[in-house]
Every structure is written in C-alpha cells, then in structure tokens.
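Below, chain A partners chain B and then partners chain C, in two separate complexes.
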Partner chain A sequence: MTDFVIRSQNLTRYFGRKCAVDQVTLSVPRGSVFAVLGRNGSGKTTLIRMLLGLLSPSRGTGEVLGCSSAALTAAVRSRIGYMTESHFVYGWMRVRECAAFQAGCFPRWNAKVFNSVVDYFGLDAEAKAKNLSRGERAGLSLALMLAPEPELLVLDDPALGLDPVARRALVEAMLAVTADKDRTILFSSHLLDDVERVADHVAILDRSALRVHCAVDDFRDRIGRWILTYADHPPVLPPIRGLIYTSVIDQALHVTIANPDERTQAELEATGAATVSRTQLSLDQAVIDYLSDRRQRTSLLTAVAQEPTLA
Partner chain B sequence: MAFDLNISTGSSVPIFRQIVDQVRCAAAHGSLAVGDRLPSVRALAERLVVNHNTVAKAYNDLIRDGVIESRHGLGVFVAKRRSIFTKAERTRRLDAALDAFLSEALVLEFSNEEIQLALERKLQAALPSGAASHD
Partner chain C sequence: MKSLFWKELRQLAPWGALLFAAMSALMAGSLYSESEKYYYSLYSQAWFQVWLVIVFGAPCTAFVIGVLQTVLEVRRDQWAFLLHRGLSPTQIFLTKAGAGLAVYTAATLVPTSIGFTWCAWGGIERNPLSWYHALPLLASFLASMAFYFAAILAVVWKGPWYLSRLLPLVAPVLMVVGAVAYASDVTEYVPARIFAAIILAVGVLGVATWGVFVRSGEAEGRSRAANICLGIPVFVAMFGGCLCLFAVAAAAYELLAARWHLHQPWYARPYTGVTVDRDGHILQVTTVPIRDSRRGARQFQRIDDLDEPQSTRYAPLVGQEMSTTNSVPAWDPLPMAHVRESSQPFAFLKRSGSPPRILEQIGGRAMMQKSSLTWVYSSADGWIYGYLQEYETRDDGRMRPIPPRLVEVVGPDGFVSASQRPPRRFGKLLANTGYRHDRLAYDAWPELSRVSGVAARYCLLFEDGLFVIDAPAHAVRRLLVPPAGRKIRCLTKLGDAVAVVYDDSISVHTAMPIIIGTRQDRETATTVDESIDVPGDLQYSFPIPPEVAQFGSFSFGRVPGRDAMMFQIGPDLSTFNSNRFIETRLDGTIVRSRDVLNPGIPTEEAPPILSAMAIFAPPAPVLATAAFDEFRQVVRGTAPGACARLFRRMPTQMSLVAAILIGSALFCGWSAGRTARRYGFDVRTRRAWQWTAAALGPAALLTLWFLRDWPALEKCLACSNRRPVDRELCPHCGAPAAPPRSDGTEIIISEPAHKVAALA
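Right, the complex of A and B next:
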C-alpha cells in the first residue's frame, strides 16, 4: 500500500470570477520527488498555498501528513519545510540571527546542516540579509528550511532567478534530502533539465486544471510524437484520440499524442499522409507540447521568416 | 577506471537508458572488463547529479540483462559475458547495426572493397590477438 504525504480532492479556488485552481485531485507518495509544472499563472502557487493551509479553497479539501490542510497543527507544521517563490527573509537580521530566530520556531534544529549549506553558498554569518545577492538569499532560505530536517519539503519555484552554480547547489541539496527514503519533496519549476535530474513524479497544471499526474517514466512512455508528410500542404487534422499538439515544420506535420495505442498509426495514416513515422520525444519537448496552445499552427520561426500574406 | 559515464538532460533518451547504454557499450568494447567494479548507486547518482532511483533503475536493468551482477555487500561488478538473447534477436540487432553502417558508408561513396577492408581492419583492432569468437 502506498503511503501518501499529500492528498487533495477537487481542490478549487476562485479569485473573483477567475478560477485559479480547478478541481485538482492529486496524491504525492512518501519518498517521492514530485514536480509541479505549468506556465506562469497556471495555478501552481495557489495550489501549494491551499495545500499548506495558507489560503482557503473555494471548494474541495487538502490533506498534508495525514492532517487536514484547513487545520494544520503546529506539530505538523514543524515537520514541513516551505520555501516561498521570492526566498523571503527578514532583511534587518544578520545570517546568524536568521538561524537563531528560525531555530526557535522548530523543535529540531541541525546546526551542522545549516552551516554546511551556508558555507556552500559562501555566506558570512555576520552579513545582513538585505545585503545578500539573490543567489545568497536563496542559499540562506535553503539553509533555514533544511536545518529543522523536515520530512516534507515544499519549494515554490526555488530556482527562480538563480545563476547556474546556485541552481546546481539547489539540485544537489534536493538530491541529498532524497537519500532518506522517508523524506518527500514537492517543488514547482520551469527548469525542465533540473526536473529531469531530480523528479520521479510529475504533475502538469494547464490553465488551472491538472492534466498530467504520474511517474516521470510513465509520462515519457505514454506520450508519442509522429511526423506526417503529405504530397501537398498538410491538411487540418480531423479529431484524433489523444492529440495534444500539432505544428507544421517545412511541409511536415508534427503531432504529439497522449496514450497512443496500436490503432494510432492507422488513424494517422487515414489522414492521407504520404509517410507516417514515429520519433522519440525528450521530456522538455513533451512538457512544452502539453503546455502549448492546442491549435494547429506553424512554428514561430517559420512564421517570422515568411512573407506576410495579409496587409 | 578508464570508463567514464556522461549523461545529458533534454535528450530524447531518458537518463536511466543513457546509463544502461553506456555501461553495456563499455562492457562490450572492453573499456569495462569482467570483474571491474562499478560505482555504487549513491556514488554514481552523486557524480551525475541525478536522483539515485534513476541509477538504481539502470543498474536493475543491467543486472536483469546479465551485463553486471550485484555481490551482496561488495558492490556491483561487470559480469562474465553470456548470451541472453536468442539467435534470432541477435541476428535482428546485427542487421539493424549493419543497415546503419552500410547506408552511411554508401552515402560517402566508398567502394565495396574499401568497405570490406575497413571493416576487416576494425575487426582486427577490436578483437584481441585476432581471436574470432564463436558462442
């Protein structure tokens, strides 16, 4: 039986008339590294805030470490590490004061962990938090989050604005946490190569709704890309099961299909294509196809290069 | 160890498959010899900066295919080569490799003799002391 550290049931949130999160039902297995992907404004932060009880849902329920999101106790909260999007720290505190302040809020505090992360990022314990660079501030937030040794880490776009070295340090810190099978990480990100390195589960939010929720390997296995060529200009495709994305590149139609089966090839051949061949898709391309507009269109590169046909 | 593993993200080949392919290839070419020890799952995951489950999955595949073997408490070692594919499957794989090789050679406009000669030279170089292997 799988043990889930986070669960939500039809979690929904409206801001005025705008639906920010639409009936999201998901479950995060213990010990997993769970990536939440989606474009800006797709509802990732709102979803995370609802799960952590920082925002009340319009409908639906959430549960973290067996406790309702609406009624998280201090004891449960102390087992969760949360890193916000902007790496918020109190600017007037010195690095060592941030540590003392944070340590007072948690029953457990591993100073060795704090110091090693702070050292890794080259932070001076006497430096004022407001004078830190973006990467240094991220390092400080990371150290503050890891030192209480939380069993669940929730990181909202932790790599935002970080340089490559700081990003790598962040990825290594996340991997170090996963060495313990009982610790779970949920993080949102736009950096798909980091996701490919660390994540074993993936959820994709597209315009407020959850469209993908599975193991990363299953995601890769269950999405296929075909290239169709036609004697003439490619036609507008009839409805095809599982069609996610199409684009026209140099007279060939590239189509991405979810859950392809033994009939998919025949369906594609029935569109009148001269050749139908399947190719491999990288993880980042699969995610981009999911998040792109589903209308059939030409690549922006081609469109820009072409003569305008309309005045 | 002369054997160096490298992975790249953003490839159409998943990371665990890249590890499997490289170990398999190194074992076949001899840059990994029978009995060589591979890094532990944790050490390799740390070096490649990837989730250790990814490395564990690759190692499991390699163990299943008989390329490496796990000796309890000692680590993971390159296994004695044994044929785990059927004759038909081996022929199919050889055909696929030959097709790719031939189409490239013909595009480059080499003659039949030149291709045969080049292949012969490669064979000599790849097989130690010219011993032909029959298994």
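Right, the complex of A and C next:
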C-alpha cells in the first residue's frame, strides 16, 4: 500500500461568500514530486496554507506526515520545508543572520547544505536581505528551506518572477532533492515546462474544485486532441462527452477531449467530418486546453471569427 | 526560542529606543516644568509628575509595541514564515510576548524608576517620599500591560467587522482608569487584592490573545479557555456600550419629553425623602420646587407620619416654603449627627481601617509670599514635615520659587529640627482643620467654612487622639485621649455638643471652643479670634449596636422625649435604597428597627427611565439581588424586601419593569439559541449561550454576535434552508454539502489511501 505524506478529505475554504477551495480530496505519495496547477485564484495557495495549518479550513480535514493539519506539532513542522511565493525573509537581517535565526528554530539544521546553496546562488553572507535581487532572495529562501533537511518540501509558486537562470537553478535544486527517494515535493506553479521536467503527479484546481488528480503520464493519456476536416466551413459541434476545447485552424477543427474512449472517434465522425485524426499533446498544451474557459469551449479567435459581423 | 527572542528584540529595538526616548523626555520635561510649581497643592511634588507620565505613557507604549510586533508580520507570507518553524505556535507567542513585554518594561519602567529614585533621593522638592509611592506606579505599569495584549488582538483577531477589533481595548481603558482613580481617590497604599485583580485581568487578556494568535486570528479551532477569555473583554465593552446607549436614550427622552411637555422636567419634579422628628416619628416628606423661584426654594407638598398615619400634626405645613435650613415654624426635625467612613468616592473598595493617603496636606500654602511654611503629614512615617518655601525676585521683577527646605519635623511629643526625628509617631490621620477639602473635618467642625485659611494652629484628629499643632509657639497639645484599647473613628457635631465616635460607642461632650487663629474684621478694623469647638466635659455615652456599627456611614440623634437614640442608615447600595431606622435605649438595647424605602421621585411623577434601564440590565443579577434582598429581609424580620415594596408602591410601573426584564431575558436566550442553531453549534455550546444570554441580557447576546467572524450561509440543496458553510452537515437536515458539479472532464486517478485518525 502506498505511503502518503499529504492527504486531505473534502478540504473546503470560504472567504465570506466566496468559495476558494471546494471539497478537495487528494493524496500525495511519499517520494513523489507533486505539482498543483491552476489559474490565478483557483485556490492553490489557499490549499497549501490549509494543509500546513496556516489557515483553518471551513470544512474537511488535512493530514501532513501523519499529523492533522489543524494541529501540526513543532516536530512535524521541522520536517516540512515551506517556501512562500514572495520568498519572504526579514529584510533587515543579513544572510548569515537569517541562517542563525532559522538554525535556532530547526533541530536538524545542516549548515553545509545552507552554505552550498548560498554559494550556488553567489550570495554574500554579509549582504542584507532587503538588498538582494528577487532571484537571490529566492536562492536564500531555498537555502533556508533545504538546510533543515526536510522530508517534505512545499513550494508555493517558487519560480514566480524569477529569471530563466534562477528558475533553472531552482529546478535543479528540486531535482537534487528528489534524488533522495524519501523526500517529497509539493509545489504549485504556472510554468508548465518546469512541471513537465520535474513532476510525476499533478493536481489541477479549476474554479476552486479539484478536476485532475493523477500521474503526469496518465493526464497526458487522458487528454486527447483530434483534428477534424470538413468540406465546407466547420459546423457547430453537437454535445460530445468530455469536450473541453475547440479551435478552428486553417478550416480544420481542433477538438480537445478529456477521458476519451472507443466511442469518441465514432461521435466525432458523426459530425460529418471528412477526416478525423488524433494527435499527441504536450503537458503544456494539455493543461492550457484543460484550463480554458469551459463555458466557451472554444478559442477566442474562433469565437471572434464566428461572430457574423466580423466573419 | 532564543533565536526568535533575539530576533524580536532586534526588530523592536529601534522602536523601543524611540519609545524609551519619548518616555524619558516626557519624564524629564514634566519634572523640569514642576520646578516652577512649588506653590501648588500637595500634588505638586515631583512624584506626581512621575506618576502622570506612567499613567499616560505606559498604555500608549504598550499599545504601540503590541501593534508594531504584529502589524508588520500579519501579512500572509510573513505570517507563514513566522509560524512555520520547529516551534509550536504557543512557544512563538510566548517568545514574542516575552520580548514585547521586555521592551515595554525597558521603555517605561526604566525612566520611571530613574525619575522615582531621583525623587526619593531629593529631587527638586524635598517632600517626604515613601517607598509606598511606588505602588501606584506599579499598578499603572501592570494595568497598562493589558494594552499590549489588546493591541495584538486588534491586529490579529478577525472580528466580524473591522471596528469590532477595537472592542478588547475597552477593558484595558477601564482598568487603567480604575487603577488611576483608586490610587488618586482612595489611597496610594494599593492593596495586594487590587494587584491580584489587575494581574488576573491582564492574564485574561493574555490567554485571549494567545488563543487568537495560535489560530492566526480565526475562530475555528480556538480553545474554549481562549474563547471565554476573549468573551470577557468583549462583554465588558458591550455592557459599557449598553450603558452608554441607555444614557443617550435617557438624555434624549428627557430632552424630548421636556420639549413636548410629556412630563415635568427632572428639576421641577417633587422629591420624597425620609426623616425623623423630635418625637422619634419617622416622616416621609415630599417637597416640590417653587415655580420661578430663583433661589431654588422648595415647598412642602405632603408630610406623612409613618408611625402615626392618622396624625394631622404636619398638615398646616403643606404648601409652605421649606427653607434650606428646614426651619419653618412647626417643622421640627430631630438634629442628627453624621458619621462618615470616608469622603472618598471609591471608599467602598477600601476595607475599614485601611491606611489613609500617604501624604496629607496640613494647611494651605500661601502663594507668592516672601516665604511660607508648608506642613505635610506622612502617614508612612507618622510625622509632620515643615517645609520653608522661599521665593527670589528675578531680574524682570517677577518672583520665582526656589526649592523648599525641610526645617522642622513634628511628632506627638513636639517639634524637632530637620536633622532629627521625633521619638514617637502619630497614628492614622482622620481629619485636619488645615485642609479645606476635608469633608470629615467639616463634619467635626462645621465652623471651618468661616475660619479656614486664617488658622495659625491646626487641629488634627488621629485614631489615637486629638492634637493641636501650634506652629507659631512650636507646641503640640493633646486634647483628647481615647480610652485604652479603643480607637477614634471620627468627631461629629450633634446639635451644640461634640460627639466622639469610637468603633463600638459614642461619647457626647460639651463643646469647648479653642482659638485657632485670628482675622481682621474689615468693618470694625479689629482683630477677631477665630475658634472651633473641641470635646469638653463628657455628658453621656452610649454603645453603637452591631447592626449599625457594620455600616461605614450613618446618622444618629437623641430623641429627647423618650431618652432614646435613633440611628439612620442609608439610603444607599448597602441598604438596597432603603432608609433603615434603628431606635435604641442609651444602654444599647434595640427598641425597634424599621426599613423605609427611599421613594425619591413619587410614582405619578416617575419617568419611565427605570423601564428603559431594564432593557439593558442583566436580568439574572438583578433578579438574584432582588431575591437575596427579599431573603435577607425575611431572615431579619423586616420583610418585605425593597423590590416587593416597590411593587406595592408602583405596581404598574414595576410590572412593566419586570415584564421588560423577563422579556429581555427570554428574547436574548431565544435569539442566542437561534443564532447557535443557525450556525450549527453543538447542543452543549448552544445551551451554554442560551443560558448566558438569558442571564446577562443584551450585552451577552451582543458578545455572542461579535465574538467571531461568522461563516457565510448557503442554500442547502437537500432541505432548502440556509446552512453555514463551515459545517460538514446541514444543521437542519443533516445532509452533507453538495460536491462540486461534475461535467465528465474530471480525471481523478488517486491511489487508495489507508485510513488514519486525522481523516477518520
């Protein structure tokens, strides 16, 4: 049986009348790199904060490293590394003071790890945190997170605002961490190529609800794109199971469908298409199609082209 | 924890230094400015300035530190960075609070201690300074700590709306005001129980702050102890708010009623009081202001002889003007002498026999004379200190005071020079003729209003004797010595005689005038001796029955016809607004005891203020007090109690008041229950709130509403009722919340999870 380091059951959070996270049930296996994806405001940060006990859920429960999120003990917290999206550190502290401050609060502090990460990012130990660039601050945050040798790393959009070099360093650090099979990473991100490179599990939050929770490969397999060509202008499609996105490119109708099965091909052919062919999607394309607005189910350009006044 | 403590100290250091500098500057400035005010009253001593600085400075400092320590970290990511570490939230809170209070202590107590030590060392003015003077400073310092916690609450606590975060500030304000009022109006000898109360109150706020902090300000998961402790200051604020609302409503009612002539304005209403005549009959006298009388004169409207209801003896007086001295023909009230525990407004907080103020001024200071002697009694030392105040003339011709100089010290045996100390000490000072604001002295010597300010000799009443301090002659004369084992309680005038009140008996003496000064008669241009009466030959004495002695204040008079003593107690809180009359023989045997409710404003003129008050009053304490009074009166054999008597006198209005009180209890209980049911409280919590709201009234109901950030309500798809979003199951139908809508595009392939306690 799989050992899970994070589990949640119907985790829900309201801010006033707005539901930020709606009954999310997920489990993160030990040793996995788990990506939480979603559009802005979909509830990723709220979910992470609830899992770490920094925010009380309105409903539901969470569990991290076998301990209830609502009552994480100091010992359990010291086994979790957490990096916020703003890479917050006290601006008035010097780099070495940051290390001394954190070292006093984490029993398994490894100064070698801290120094090696700091050296990798080329940080001056005497520099004040407020004078560091965003990338350097991310490096400092990463060093502060890794030095306590946590079993579980939780990173909330760690690459936000970083330049490509800093991003690469961050990804490499994550890969290095996962070399130890017992370590687990849960991170949220908008950078899908990074996700594709490091993640083996993915969860997608869409409008507060968990829509996808599976291995990355499974997700790729479960999202299919078909190209339909017609003799004439593509017609308006009838309801098709699992349809998530359509777009018209060069008179061909590109259709993205979730959870396709053996009947999908037949349903598409029944629309009167001259040819129906399936293509492979990258994770990047699959996620973007998946997160497109379901109410429209069509691309903006297609919608504009179909407007009678503009057509 | 150590690294977090140092981080907090480092973070607060610049602000702490700034606050320290501000407190020090304030202290230095106020002490320096004091040097120009030697000629002020007793409070002009430098110590008072030190106290003022801490009274105003400490709450501000505590509040600023509390805000600074949290407002910079309460933002989402900072808060996460602070809380997510290998320390429990409780440890983090304790460390933060420890650092914050350390900075508060350094910023307030260090300058205060320096200022105090400087005053003790000599300071600007060499007034006697006892170490007891540190107690009010300590009380203010401790009480102000509440502001620190209230500030953290204001920042971190997520109240139902923004301004409700300020509610916990009300309790600290009341605490500081109470501590200041106690020390300034009752005594600076702040007793241990006051300190215990302050520490308890600070502790309550501390626990509330802890509970709020560790849950990041949210109500969900907050401990029961923290909820109760947060509820207490919120309740205090709400109760205060209710009182304010009542006051505003009553004032508005009075204004509108006067404007629309709904009833007579309060100043034109009749008033009924209770008194005794020379036959020992208890009279109920109603007087009414005379319309258009500029002197505020009143006339008799009704006089009832409660001991002889059929009597028409006072009927001729009805309609006649009642002068301020009550001396119209045929009006013959019994002369009564007054015994007061103390003239201080917070005297009920002080145990009988507790120490007086540390310093008592003996004699007023002559302003801007070339030189003058000031006498100050130190109860801590038991000696009277004489200071010579001299002035120098500046270049611009203005006179400037120079620091006073101690020249003499007075004890029971006489005067000694400044370098010596008398062998014996005075006891507790009760009254002195030299201080014109001493009400006890005016009871003893009503003629003081005439002689005050011209006295060269001071008459001082101590527990262990009556002394005359003759400053010009450098002599101390003892006029009265209490019998062995007895202490004097006070001196009071009974008609033309002087009564010495001891703890268990009263001695009535003939009045013996003694000259205490002279004045210049402007009309005749002659020097006139001014005298006051002191006890002369003993005429008679009688014991104070224990039923009377237990009260701090009472009146007494001798009924000539029956050779009996009549004691009158109340009306006040201790007698539940009743006048208690106890008649005794001269040997102390009680002849009769009668309680007469103080009617005040009669039924027909009484405004519906009482009804309005009932809306805001806490029903349970009011009803419990009424029941207790009834029980007590039954036990004492003086039933019915105050409430029952009020019911008999004003059945309509009292029924209305009772109905409002009970209605308020029922409504508050029902409303609290409805709120609790609506938001899915468990049965135990719901019942607790129902009973609390019913018992304590609207303030408790408001406390429930303001205690938490209420969750939104959404429509239950199963029963269509509105259900709170933070409940797993609908409190109305028990259905779980509807899952997010599925559209067939979900991809959920999660591996099966084994059950663990947290999710079970």
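Please note the rule applied: the second predicted complex is superposed on the first by the 295 of 311 C-alpha atoms of A that agree within 3 Å, B and C clash if a C-alpha of one lies under 4 Å from a C-alpha of the other, contacts with A are read in each partner's own complex, and residues count from 1 in each chain.
Rule of thumb we're sticking to: a residue touches a chain if its C-beta (ideal position, glycine included) is under 8 Å from a C-beta of that chain, and two chains touch if they have at least 3 such contacts.
Treat the numbers as computed from the prediction; the structure is a model and nothing was measured.
On the superposed chain A, the two partners chain B and chain C both fit, without a clash. Rounded to the nearest 10, the angle at the Cα centre of chain A between the centres of chain B and chain C is 160 degrees. When the two structures are aligned on the shared chain, A:Q23 is found in touch with chain C, with no touch to chain B.
In the superposed model, A:A111 lies in contact with neither chain B nor chain C. When chain A is checked against chain B and against chain C, the one touching more of its residues turns out to be C. Of the two partner chains, neither chain B nor chain C is touched by A:I249. Residue contacts after overlaying the shared chain place A:V165 against neither chain B nor chain C. By the touch criterion defined above, A:A274 reaches neither chain B nor chain C.
Closest contact between chain B and chain C, by C-alpha atoms in the overlaid model: 18 Å. Within chain A, not a single residue is touched by chain B in the first complex and by chain C in the second. Every residue of chain A that touches chain C in the complex is listed here, in rising order: 1-2, 4, 7, 9-10, 12, 14, 16-17, 19, 22-23, 25-27, 29, 49, 52, 54-63, 66-70, 73-75, 77-78, 80, 82, 84-86, 88-90, 92-93, 100-107, 148, 208-215, 218-219, 222-223, 241-244, 258-259, 290, 294. Residues 33, 168, 171-172, 175, 178-179, 192-193, 196-200, 217, 220, 279-285 of chain A are the ones that touch chain B when the two sit in their complex. Listed in rising order, the residues of chain C touching chain A in the complex are 1-4, 7, 10-11, 76-81, 83-88, 91, 215-216, 218, 220-221, 711-712, 714, 725-728, 737, 739-740, 743-754, 756-759. Interface residues of chain B facing chain A in the complex, by the touch rule stated above, are 9-16, 42, 45-46, 49-54, 57.
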